[in-house]
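Listed next: structures, encoded as structure tokens.
The following pair of complexes shares a single chain, subunit A, combined with subunit B in the former and subunit C in the latter.
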Partner chain A sequence: MGTFSVIFQQFINGLTIGGVYAMVAVGLTLVFGILRQMNWAHGELYMLAGYALVITYTMMNVPYYVAVILTVLMVAFVGLLYEWLVFRPVRGKPFVNAIVCSLGVSIFVWNIVLALFGGTPYKLATPLTGKIMRLGLFSISGQRLMTLVVGVMIIGAVYYWIQKTRAGRAMRAVEQDGEAARLMGVNINRIAEVTFAIGGGLAGLAGALVGPIFVIEPRVGAWAVGKAFAVVVMGGMGSVMGSIFAGFTLGVIESLAIGFLATQYRDLIAYLMIIVILWIRPQGLFGRIAQKGA
Partner chain B sequence: MLRKKLLPAWLILVLLVAVGVGVAGCTPAAEAPPEEEEEEAPEAPEAAGEVLMGLIGPLSGSIAYYGQLMREGARLAVQEINQAGGVNIGGKPYSIKLIVEDDRALPADSVSAAEKLIHDNGVHMLVGSFTSTATLANLEVSKRANIVQITPVAVADAVCPASPWMFRNVPNQTMQTSFNANWVRDNLDIKKAGIIASDDDYGRGGADIWAKIMTEDGVEVLKPEFFQIGDTEFSSQLTKLRAQGVDTIFLVALITEGSQIVTQAQEIGMDVQFIGLGGFASDRFLELAGEAAEGMVHVSYWEPDPNNPASMHYRDAFVEFSGLEAEMFGAAAYDAVYILKTAMETVGEPPSQDLAYQEKLREAMLDIEFTGAQGPMHFNEDGQAQIGLYLVRVEGGKRVILGRWDP
Partner chain C sequence: MRNARVARLLPLAMLFLVLLALPMVVTRSYYMHIVLLTGYYMLLALSVNLVTGFTGNLFLAAAAFSGIGAYASALLTMKWGFPFWLALPAAGFVAAVFGFVLGYPCLRLIGPYFSIATFGFGEITRLVFVNWYSVTNGPLGIRGIPGPGRIGIGPLSASIDSRLSYYYLLLGIILISTYVLYRIINSHIGRAFWAIRSETFMLAQMIGINATKIKIYSFMVTAFFCGMAGSFYAHYMRFISPDTFVFPESAAAVAMAVVGGMGTITGPIIGAILLGVSVELLRVVSQYRMVVYGLVMIVSVLFMPEGLVGVARRIFSQRRRVAAAGVPARRG
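So, the complex of A and B:
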């Protein structure tokens, strides 16, 4: 393999995992941007997706692609439950309340899964497992290629939907000024439901696509929310475009750091980059400085 | 207005992230509360007294499965001993009562578990724990209280020399790694090797020792890649090692990360020989890694070996008793209980926490010549077992014994 081909392969590796970061992070940033609430239990949605896939695909023998859709719907519904049971009651209360509540939810969900499924990991094989595509300069497994392509398409669709549709416009109105939006007749609770369902659906999709690449275990929620939080801060709290861009960037930087330095420097390089970005742009790459003379 | 309101919240958020990262680092942040299980062992007929034996292991958290295997191995030994008339102490039968505590593989929990067992339950001896880090912490408790302790796992070299009361009935890390490296050097034709290891004492120690032996023999060994426990994505490491042209990868990991490394190597069509140190000797690993594990060579403390009838008995009895797979962690815990029994019978006095009794028990342990499910062993002056080890290869979804090394 030539050097260029290795760099290219590492770039592709980074894009794939970066797509996962982006899918998880978009939900987190939407909730923060629109509802000004921090969802510490967001990683658990990603983790639950793996187990939803175990239930539908392995236990109920539903075809994989149908199982992915069912998983997305199930996790989106859990997102709705988050809104109804956890976040709505503390909306308008101090910022910390939602953090503490969602931290509790995270611990709760984690332990439920541990009690039901145990601590040992699950491994799934999909119709694409073991299929490797060689595309000139690089090779990629079928499952990863699908993750990348479907991830980019769905993220694009969500972004378009927020920018161009009436409901998306209402979401952005709430983001810019919740009070004014309410006065204009926007139903905040409805917007919150849509926001949580989209965030849950995206995390569910990420979990359903990469679950079969990795293993499914209760610990991954903490990993997912940690990465997603870094991405959200780097991209600008509340900025969807920022999370998408930062997610892919983090994935690629990590992959190159491993490829050209060593695994132990991965987090060092990645977080150094985040610190430098925040130093130059404290609001994050795409973040707006809090307006109105704050 | 927004910014003013959000500022204190931001500070709290940053704090929480720090805490969250810390918590995630030690994995089981919030498991079920450490539970205590008092095992009422079936009473031996007219037992003259009771031996109180404490066991500490990770029964919840991410490595709970190993803790379970360890506990079931010990429980099986206790049941066998009690049903066969107990421990024969000065001609009188004593039954064993096993008291189990969960340490979730956390050093702090392991220390409180040892405190509780020794000071509240008054155990006469301790078995455990599983991880080296937890054991290095809890052995300070048995050291202060002068209580004999034996670990069936915790392989870090530092464990046994750390306390005169500490014993270990499996090979330590240096013994395991040098056996592994020497065998590989003598039997495989390796030109260039890479190392992927967990970023902890275990992974770093294993990587160092192995690289040193291989390098002495002229094999080119690349700088190790140290991953964090919980990492899931290894494509970049594998892409790099492939580009550097390695023919062999030495792996120091447990099954979760290990299975993902070998499957991802297969996924990118990489053709390398995997050599493993660590907990791969489990059927769970074979299930998780599937075909990707084929050909992998790794060490194991215990295998069903027709040359050792005790190992065959253990396999059948353990599967029937627990319904779990018979493997090395359970076997080592099973042997540990029998070693304590043998030492108590040698002392021949009613067990107690008194220094005089514990001194005698310790002497008896140091003099012991024991053959169990893992084969023959004795302890050196540090309490480190001089015991053999298997090397196995995965063939057709099973572990096949390649050889055994005896010290």
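So, the complex of A and C:
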């Protein structure tokens, strides 16, 4: 294999993982853009998806594709619970309250899972595991291919939905000016519910698709939220388009870095990116001004 | 004015008297260990409070700066033969320099951007601890860090080797730190801290406060005290590894400040005592230890956002108001 095919192979791998970053980050950026709240527990949704899959697919023997749908629904519901129990009470309070509260949720959730399931990582085998597609110079595993295709389709659908539907318009109205939207008869609480459900569903889908590629363990939420922050900062907080673009970009950069640098530098890239982008261009690539208060 | 200040400092003074006498009650070595760890967290919570409680920016890198201080102190004593008494402030200074390094890119950031930047810095620090083998010994950590040795001159000296002596050493560090933080907060600069909160950041700049300088300053002071805490930790535990200086520890320091009451001096101290002790005692049911942490954070933000000190204040001021209402006004 020549250098070119290595690059190409890593590029394809990067797109897969980038799609996952984008799916997780879109939920985070939606909550931020629309509700001006930071959900530090967002990574836990991704982690819970893995365990929802363990329960349905491994323990209850539900067929994989059905298990994925069940997982998405379950995690979307957990997102709703977040909104009802935690984020609604702190709405309109100082920013620190929301962030500390969601930090508490994050710590609470991963430790409950740790207590219930233990720290041993789960490795799942789906019907697509081990199936390798050869496409000319490069190859891609079936699971990765499905993750990429489904991820792109769902992200596209969500984007279309936000842009074109009545509910999506209401969401964007709240994003632009929450108070004005409320006066125009937009039910903020309903919008928040939809936002959290979509964010949860996307994180759930990401966890259900990519969980089997990696391992499922309680601390994986911290990894997911770290990457999602990098993506959201890069794309600009609140910008869905920015998150999609930045998600794929980060995935590709990381994968190329694995190909040419040592593996341990991979995670460093995302965090360095956070600092450098916040320093040079705090509003992100697609975002508006960063000093908006929030 | 003077009376008001005395009244405000009275609970703090009483608290320190209780702490001074504490070893008479806590005699078992294991409980003393818990007390010492609680003291370490107290230092972290007090420092975090300076940035989070006063300037209103959620600071999520306490463990990172503590780690920088711990590694600096270990290396200074073990590689360059620094005595502990020099290594302790030196560790603080090293951490403060890194505080400047992080503070600089964070200058313009407020709200969520600031928190994410400090989180990112914490993760970078952790990854460096894990991967920079030649200096940090990687995930294995550094073993055999020397203790502080003897303190004082001639007959007024004591050897720091027992848990009891470590306790008084730590109490001294906390007392001095609290005093310094108190002086900073009640100075001109301290009032500027309030002014550069997220909500009034622009306003502060408009009335001529050099918000940039103040912010860097708050950062470096916080980093300094975190670094000192880390140095104490290293020389007490005699062993450090990257596992200690992780994000959940930073979150724990924030939780302590929040539960006790942010923006006060007594708050983080009470919060650290409450959470530190209760959570260490919960080690018996170790897997639910952190669950309680999370739950306490959620509940305290939802039901007492001003922390225990805020609740206490409300109760006392209410009583005073009731008393005042019952007595006919003396003037006018």
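In this section, the second predicted complex is superposed on the first by the 272 of 294 C-alpha atoms of A that agree within 3 Å, B and C clash if a C-alpha of one lies under 4 Å from a C-alpha of the other, contacts with A are read in each partner's own complex, and residues count from 1 in each chain.
Methods note: a contact is a pair of C-beta atoms (placed from the backbone, for glycine too) under 8 Å apart; a residue touches a chain by one contact, two chains touch by 3 or more.
A quick note: this is a predicted structure, and the numbers were derived from the prediction, not measured.
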A:Q264 touches, of subunit B and subunit C: first, second, both or neither? both
Partner chain(s) touched by A:K123 [first = subunit B, second = subunit C, both, neither]: first
Subunit B versus subunit C as contact partner of A:N111, first or second or both or neither: both
Which of subunit B and subunit C A:A181 touches, first, second, both or neither: neither
Residues of subunit A touched, compared between subunit B and subunit C (which is higher): B
Which of subunit B and subunit C A:E217 touches, first, second, both or neither: first
Partner chain(s) touched by A:G226 [first = subunit B, second = subunit C, both, neither]: both
Which of subunit B and subunit C A:M171 touches, first, second, both or neither: neither
Partner chain in contact with A:P94 - subunit B first, subunit C second, else both or neither: both
A:L278 touches, of subunit B and subunit C: first, second, both or neither? second
Subunit B and subunit C contact sites that coincide on subunit A, given as residue numbers: 38, 94-96, 99, 103, 107, 110-111, 114-115, 222, 226, 229, 264, 267, 290-291, 294
Interface residues, subunit B side, partner subunit A - complex: 1-6, 9, 12-13, 16-17, 20-21, 23-24, 27, 29-32, 60-65, 196, 199, 223-228, 230, 232-233, 235-237, 239-240, 242-243, 255-256, 259-260, 263-264, 266-269, 284, 287-288, 290
Subunit C-facing residues of subunit A, complex: 32, 38, 86, 89-90, 93-97, 99-101, 103-112, 114-115, 222, 226, 229-230, 233, 237, 264, 267-268, 271-272, 274-276, 278-279, 282, 290-291, 293-294
Residues of subunit A that touch subunit B when the two form their complex: 1, 6, 9-10, 13-14, 16-17, 36, 38, 40, 94-96, 99, 103, 107, 110-111, 114-115, 118-121, 123, 125, 130, 132, 139, 141, 144, 213-215, 217-220, 222-223, 225-226, 229, 254-256, 258-260, 262-264, 267, 290-292, 294
Residues on subunit C engaged by subunit A in the complex (per definition of touch): 52, 56, 58, 102, 104-106, 108-113, 115-117, 119-121, 123-124, 127, 130-131, 198-199, 201-202, 247-248, 251, 254-255, 258, 262, 287-291, 293-298, 301-302, 305
